[in-house]
Amino acid sequence: MTSACASTENLEPETGFADAIIWETLAKLTHFAASGEASTIDLGGLPMSNRDRAALDDLLGRGEVSATLDVIGRSEVWETQFAGVWRVRHHGAEGIATDLIEITVCPRILSADRRDAETAARRLAEALERKHGIAETAHET
Amino acid sequence: MDLLAFARGPALSFSLAIFVLGVIWRLVGVLALSPWNDLSPPREGAPPNWLSAIQAVFRKMIPHRTFLTAGMFTTANGYVFHIGLAIVVLLFVPHILFIRSLFGVSWPGLPNGVVFGVGALTAASLLAALAYRLTSPVLKLISRPNDYISWLLTFVPVVTGLAAAAHVGARYETLLALHVLSICAFLIWFPFGKLMHAFLFVLSRGATGVRFGHRGAQL
Amino acid sequence: MTAKTTASGVAYDVQGDRADSERRDAAMQAFVRDFARTAAIHMESCLRCGMCATACQFYVTTGDPKYTPINKLRPFEQAYHRHIGPFAPIYRLFGLKSNVSIEMLQEWEALIYDACSLCGRCTLACPMGIDISELIKEARHGMYKAGLVPDRLELMDRTTKAWGSPASPSDDFADIVRDTGEENGVPVNVDLPKADYVITVAPAELTEHTKALTDIAKILNKIGASWTYSTAGFEASNIGYINGDLDLQEKMTRKIIDNAVAVGAHTLILPECGHAYGAARWEASRWYGKKVPVRVIHMTEFLAEVVNGGKVKLKKFGETTSFHDPCQLVRRGGVKQAPRDVLKALGLELKEFEDHGELGWCCGGGGGVVSNVRADPLRFKAFEIKRKQVEDANTQHFVTACGQCRITLTLGAKHAKWDQKVESLLELVADNLED
Amino acid sequence: MKHDDTLAAELERRGVSRRAFLKFGSYIASIMALPPSSVEALAEGLAAARRQSVIWLSFQECTGCTESFTRSFAPTIENLIFDFISLDYHHTLMAVSGEAAEEARKEAMAANKGKYIVVVDGSVPIKDGGVYSAIAGVTNKQMLEDTLKDAFAVVAVGTCASFGGIPKANPNPTGAVAVSELVGGKPLINISGCPPIAEAMTGALSYLLSFGKIPELDHLGRPKAFFGETIHDRCYRRPFYERGLFADGFDDHGARQGYCLYKVGCKGPVTYNACATMKWNGGVSFPIQSGHGCLGCSEPNFWDQGGFYRPLPTPLGAMGPALAGAAVAGAALGVGAALSARRHQKTYLASLEKEKE
């Protein structure tokens, strides 16, 4: 590897951000356990190197839940090995667009919206109608 | 960036020109005065004049012990801020780049942390020097506006430099511009005030060195 | 000649009957004339650090900041910046530096004459190497021109002009020498037309220390030298040099040099006097216009020469001594080793003061201070330093090589009711010649 | 049932859930450094907003800004914004041309009077009556003034529109000025950069849409969220700067080690932009990461700062001749002063001599 760019990649320094973020996570998690108050740490905008990010992923690990979303591009959500600590990562055109640590019961993005449910109910009814030829009104909500 | 461009551009060019003009004016103005040739025979074994002059320049770097007792603060503090200024001016990488752009020579610098530490110490030392000047009866009597102006114009670049480095007080480019402008003020004042001692000390010590060397006396 | 007081309560003497503006102008003219290259460099270089204060006996013993050496130069400095410095035309054009006022000169008279012995200790303390004492000596030229000199010094000036010496008329010189020779049983030579050595004297030798006249004669006779005293050129103390009277300085210098040349001497021996050494050894050529054709040496150098050269043998004391370094001879003259060699030859173990040699403290009487009665209180104060040094050394002898120092020290001791004898190096040698 | 023309309804019709707003909201909150608690407000605001009419005017420019803004057409989070706006006039992108295009602009202006946003890229020449750039016979200056009259807000995209940029570079032959000099009192957002970071544009527009107001701006009218900190402050090479480790060239040991580029002219310390954190091309890299110093392209007059490779602390302009001249003048003054002093001494001396006689 002789190209300047390649060697630069290799030498990306570890800045200590990962540790700092873990400390912050611990504080927020403790608070959440006591009060139930959810919070979020946004990893965007922090001048983290790829090595920092890898170190953070290593430390938090992966827990019981993981999900992939397909909403205007791909998103990944997984619970870390620490219950209540979630990673929410939205992918953009050519990389990570948003990278969050959410300390909560369940990240909001996983839950369905009732207004979407309303539309969904209508669509479901329409689907049924198409299948059975029977007009059945959806229950008013 | 406009203030910075002004500082780096016209202000710096103007003040450097004034600096050069003033320094040469003052040196030539003094050196072109008529000499008094000492025709008395030198002491037997007296060193040549040039050697006496050089010896005096170095000899005067450290005061005789007897004068140190009373002049300890002046001497020690003087050393602290002179060495501090030298380190900050000559070993801070941005300063080296500035010097390189003027003279084409450069050398390795020190890590910023070290330079900031030294800069802070220098500022403290300069404050101590001012406090001493304002409280010592001797210094109060003999000080002139020149001394206070020279002090201020030395202190301000140090402080603005530290502020710029630490990003406190204003946006970086503003602080940097103020730093450069304060140096412009320093440069403009330099030849006309006592800052000129940075050049004159060689002549002043050397002249006395020649006189004493000729007589075989110790300086 | 009148003693007056400035509005701020500073005493000063004034000579002659001239308008103040005329005095001021005369001072400025002389100031301006004096600034050659070295003086100008030094005028440019002061950092106002105050180190010189720590070197000055008048400041150290009084703690009064006005005695800070560089402060004594203020009028001189002002004249420099207004008239000579590289920015002088601008200062004058915009009136940035005012001319020196007569009041300032009056006020500075005492600082320049009473509170400076021209000892030059401040020069060694100055980190910029500014030769302050030389500048004060130059400032005296203007003060003299302005007629602002302590009356007693002016009296000596006038006496010298009239008599050729501040101590006694020239006409009496030969008699004094002969009388002393007879008194002490030493053959003396006066006014020989030709001689190898010409001996000169200072007022001390013609008043308090006449024995010195025969002491040197004894030594010269002993080595079989051809020597003489000359009425035409005997007075070496040169009050013009001290007062700032350049005309008199030139006249007195020429007198002794011309006489030595006329006598065909190869060596002119200066008396045990510090300022004589400064005036004749280092400044004579300035007035002579070329290299002085005679070797000019101090009495102490002569003693070292004969002792080190083995021309005389001395009896050994086997005792201890301390030595007061005369400023003009040692610090400003470079004659540090010679007196030490002579003391060693006398078998005197020298216990050096803590500050000695080029760092020695002045007796406090140099630069005319001892002759200027107005300065007595200040001088006695400064004497405290010397007394402490001598007491600390605690030796059997206390020797010096300058008649003026000796008088100052003796007077100081007397005033302090302190029983301390001050001995002359010349006398010790003369009294202890081995047969 | 009344036709719902909110953005939520529009996306819904295309089978996109409200998760998209939430996701987009968290994206905007992240890039604009808004508190995480504002994500829902943003999402709700956007969902409830109506499609925003945008009139895009291009003046003295190179189309780089448009390129930067529209660089990707994949259905991703970054360009969801295109679903939120109605680009009613953009002469590079629109299908129609000529009079029809100008007609479209006038129609949009009439239909959205007081509500449309004007986006400008390029500077405006005002010298000689603005003749140096005209579209359909109308000078840029005139078109800007006409369009601005009924606009809700103006967004100046790129350094040319924000500060005059390259057209304004010395000697500025066309008398180019920044949009800010011509907007009168209209709310203005400058998104500087050559080109600007697309996210900054997206963020600013989204903020405008969801909250109906202009985000917090710096003294140069730029959103603080993107222009609040210098490249240098956020640069991953900053530790090298602090430790005094620098590249002295582009192919030396320091360059290969990825040391700080300060000595080779990096303008990072005085350049306010988000390149170091947002990076370019979807977070792949940014100039410094690619081994080149920052040019300072998001700052006013960046073209005239003495050269891209000139280190920041060096003086601008040539010093040599000025200093040589000063030295000669100084020597002349010195000699003059000394001669005058000598003459002064002589005349004094003469008067002294006279006195003696």
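Each chain gets a letter, A, B, C and D, in the order it is written, and its residues are counted from 1.
We take it that a residue touches a chain if its C-beta (ideal position, glycine included) is under 8 Å from a C-beta of that chain, and two chains touch if they have at least 3 such contacts.
What you see is a predicted model; the values in this text were computed from it and never measured.
**Q** Comparing the two chain pairs, does A-D have more C-beta contacts than B-C, or is it the other way round?
**A** More contacting C-beta pairs are found at B-C.
**Q** Let me check something: if the centre of a chain is the mean of its CA atoms, which chain is farthest from chain A?
**A** C
**Q** Indicate, using Cα centroids, the chain positioned nearest the centre of all protein chains shown.
**A** The chain sitting closest to the overall C-alpha centre is B.
**Q** Hey, how far is the Cα centre of chain B from the one of chain C, in Å?
**A** Taking the average C-alpha coordinate of chain B and of chain C, the gap between them is 37 Å.
**Q** Taking each chain's centre as the mean of its CA atoms, how far is chain A from chain C in angstrom?
**A** Going by mean C-alpha positions, chain A sits 95 Å from chain C.
**Q** What's the distance between the Cα centroids of chain A and chain B, rounded to whole Å?
**A** 60
**Q** When the centre of a chain is set as the mean of its C-alpha atoms, what distance in Å lies between chain A and chain D?
**A** 32
**Q** For chain C, write out the residues touching at least two other chains, lowest number first.
**A** Where chain C meets two or more other chains at a single residue, that happens at 35, 84-87.
**Q** On chain A, where are the residues touching two or more other chains?
**A** none
**Q** Among the residues of chain D, which ones contact at least 2 other chains?
**A** Correct list: 333-334, 337-338, 341, 345.
**Q** Just say which it is for the chain contacts: an open line, a closed ring, a star, complete, or other.
**A** Topology of the interface graph: other, matching no listed pattern.
**Q** By the document's touch rule, what are all the touching chain pairs in this structure?
**A** The set of touching chain pairs is A-D, B-C, B-D, C-D.
**Q** So in the complex, which bits of chain D are touching chain B?
**A** Residue list for chain D touching chain B: 230, 232-233, 241-244, 246, 262-263, 269-270, 296, 299-302, 304-306, 310-317, 319, 322-323, 325-327, 329-331, 333-335, 337-339, 341-342, 345.
**Q** Which of the residues in chain A come into contact with chain D in the complex?
**A** For chain A paired with chain D, touching residues are 4-5, 7-8, 11-13, 15, 39-42, 44-47, 49, 69, 71-73, 75, 88, 90-100, 108-109, 112-113, 115-116, 119.
**Q** How about chain B: which of its residues touch chain D in the complex?
**A** Residues in contact with chain D: 1-2, 4-5, 8-10, 12-13, 16-34, 93-95, 97-98, 100-102, 108-113, 167, 172-173, 176.
**Q** Report the residues of chain C in contact with chain B in the complex, numbered from low to high.
**A** It comes out as residues 35-38, 40-42, 44-51, 53-55, 59-60, 65-66, 68, 70-71, 84-87, 123-131, 134, 281-286, 288, 290-292, 295, 330-336, 354-355, 357-359.
**Q** Which residues of chain D touch chain C in the complex?
**A** Residues in contact with chain C: 333-334, 336-338, 340-341, 344-345, 348-349, 351-352, 355-356.
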